[in-house]
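Here the chain labels run A, B and C in written order, and each chain numbers its own residues starting at 1.
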Amino acid sequence: MTAIIEELELDLEVFTGPFDLLLTLVLREEVDLLEVELADVVISYLDVLEARGELDLDVATEFLVLIAALLELKSRLMLPREEEELFEDFAPGEAAEELLARMLEARRYRHAADHLAERLAAEHGYRFRAAAPPAFLKKVVLPDAETARAVYDPAQLGKAVGGLLRLPEAIALEHLTIHRVTVAERLSHLRSLLKRGACTFTDAVKDADRVTVAVTLFSLLELYKQGEATWTQDGTFAEIHITPCSPREEVIRELAGVGA
Amino acid sequence: MSAELTRRLEALLFVAPEPVTGAELLEALECEPGELDLALAELRGAYAPGLRGIEVKEVAGGLTFATAPDAEDSVRRLLAKPRTPPLTPAQAETLSIVAYLQPVSRPEITRIRGVSADSASSTLLERGLIEEAGRSQFGAVLYRTTPLFLKLFGLASLQDLPEVTAWDPSPEETADLRDRLLKAGEARAGGPVGADPAG
Amino acid sequence: MSAELTRRLEALLFVAPEPVTGAELLEALECEPGELDLALAELRGAYAPGLRGIEVKEVAGGLTFATAPDAEDSVRRLLAKPRTPPLTPAQAETLSIVAYLQPVSRPEITRIRGVSADSASSTLLERGLIEEAGRSQFGAVLYRTTPLFLKLFGLASLQDLPEVTAWDPSPEETADLRDRLLKAGEARAGGPVGADPAG
């Protein structure tokens, strides 16, 4: 383990102390992994990195491998109880072995990566030619009918044409539940809303799905056509304000007042 | 040839995709015109015609390497050997439609495939597997296969094309091949299918 | 160098856009393997490192010319293009996992690294060092290295990569690591560290 991991001091709800101790206690099942907030461990680690001015996750892979493995262990523990036998197999020693295997594997490829980076650096100065082929080759020479030999299988043509003859299967829609919304339903919904006065389109389609929204808009057009409502919208995507036009009593009174 | 400047000059001429002018060489090599002249003379000497497989050539106001003329045959064998690349699925479909229905128009091919056949038929035309065969009554160019097509498929004549029935998934159908292909194509494209006008 | 075959070989390596395999050379030069070997030895001698501005390299399963590394500065000034940037640690790790385990999926790479490899693998894809190689049984895209990878890393083939286990720690080191995993906190566990295992 790297120096930083050894230095990592944690102050969590269930545990206070160095990270490697936590690791040991978890692997010995003396601390319940389910109660450890791994996100807090990550934050503590980031704090250490930041304090040291080494906030570079690219070089932090060892810690990340450990944390990822702990997360995986934890998620296994969180499986429903029916899966009991799954982690009965998982003795504390095995957990440590698995962590170790993870660390060795990551370490392997990290060193291989160093090797590749060195190789690339060593090849740094070599440049390959990237010129177009000479002009006399530009024209592609295809075989002519005289010299051509059979290279294609005629069965390929039969297969292709046979495939084209195949009628695609009709798409089965039985498994889809089609949500049916009728204009009549939405009309009566709108009318009942408008009985209470003006409303907005948002009120009319509260929590509705897209089909309902579309059908409500159709119904609104219908109301407009019938002269039952008018609507205004200040701009694209702005709220739609719907006003009833039905000659309800107060409206008539108002109109009468204006007229007088 | 071992002077360091000459070696770098050689590297530049090798790697440059276009002829390099004297000014560009002076800048890249960071040397004096006199030094460049000497290096160039040395390089020309090392690559004098007949000595090597590459020659120094002066073209388009610049210097470049080119293959020696007597290597041309080998170069052609290496880079320009006649190739018959495998057919893509789109090309095979287009070619089979032309082979079985010829003469056939591009719009018909598109209808049968359910997707455009423009790129595939252009390639087939370019490779000489199909050719134009007049125009349909509606003015669309018609295609047919070429003698090269027969050669490449090892067919003595169009009669030797595999029987469609061998590949036919719906032998009960009795309609003409063209009609059946069109019907299947329209079904694929989501167009009207006689069987299910509502779908 | 003046043998006609060597001259033609030189022309081929010069003009081919990619490394040329022995089989391709035999076919283009119309010669016997023994003759090719002789010509190749002669060419390698003529272009031995340090002699000229160009060197013969064996990469990606074939032979090719490349500029001598000490001409790099001049080449860079001529082409005015920065070298491909070096790999970041994340890219190098991702590339090494792909190189050794190919074909390998992104989730597998992530599992080994402990951290997402998405950005690194996108960059490697963009730079043409890795490419898609079909899909795993679970539908994840698989990756493999490209011929460009071999070329840029000066590898004749993937066999030239050292055994990945070469970097494994010795059995003693492994045992030590295992001990530390299980016992690192042991000493402190007895001490007053404020640990509360019961919590």
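Please note the rule applied: a contact is a pair of C-beta atoms (placed from the backbone, for glycine too) under 8 Å apart; a residue touches a chain by one contact, two chains touch by 3 or more.
All figures in this text were calculated on a predicted structure; none of them were measured in a lab.
Peer 1: When all chain pairs are ranked by how many C-beta pairs they have in contact, which pair ranks first?
Peer 2: Comparing chain pairs, contacts are most numerous for A-C.
Peer 1: Using only Cα atoms to place each chain's centre, name the chain farthest from chain A.
Peer 2: Farthest from chain A by mean C-alpha position: B.
Peer 1: Starting from the mean Cα coordinates of chain A and chain C, work out the distance between those two points in Å.
Peer 2: Centres of chain A and chain C (C-alpha means) sit 33 Å apart.
Peer 1: Taking the mean of the C-alpha atoms as each chain's centre, how many Å separate chain A from chain B?
Peer 2: One centre to the other, that is 41 Å.
Peer 1: Going through chain A residue by residue, note those that touch at least 2 other chains and give them in order.
Peer 2: 127-131, 133-134
Peer 1: Considering chain C alone, which of its residues make contact with at least two other chains?
Peer 2: Where chain C meets two or more other chains at a single residue, that happens at 14-15, 65, 67-68, 70-71, 75.
Peer 1: Spell out the residues on chain C that touch chain A in their complex, using ranges where they run on.
Peer 2: Against chain A, the touching part of chain C is residues 14-15, 17, 55, 57, 64-72, 75, 83, 86-90, 92-93, 95-97, 99-100, 111-115, 151-155, 161-162, 164-165, 167-169, 174, 177-178, 180-186, 188-189, 193-197, 199.
Peer 1: In the complex formed with chain B, which residues of chain C make contact?
Peer 2: 1-2, 4, 6-12, 14-16, 20, 24-25, 27-30, 51-54, 65, 67-68, 70-71, 74-75, 77-79
Peer 1: Chain C touches which residues of chain A in the complex?
Peer 2: 1, 6, 13-18, 20-25, 27-28, 30-31, 35, 57-59, 61, 64-69, 93, 96-97, 99-100, 102-117, 119-131, 133-134
Peer 1: In the complex, go through chain A and note every residue touching chain B.
Peer 2: Spelled out, the residues of chain A in touch with chain B are 127-134, 136-137, 140-145, 148-168, 170.
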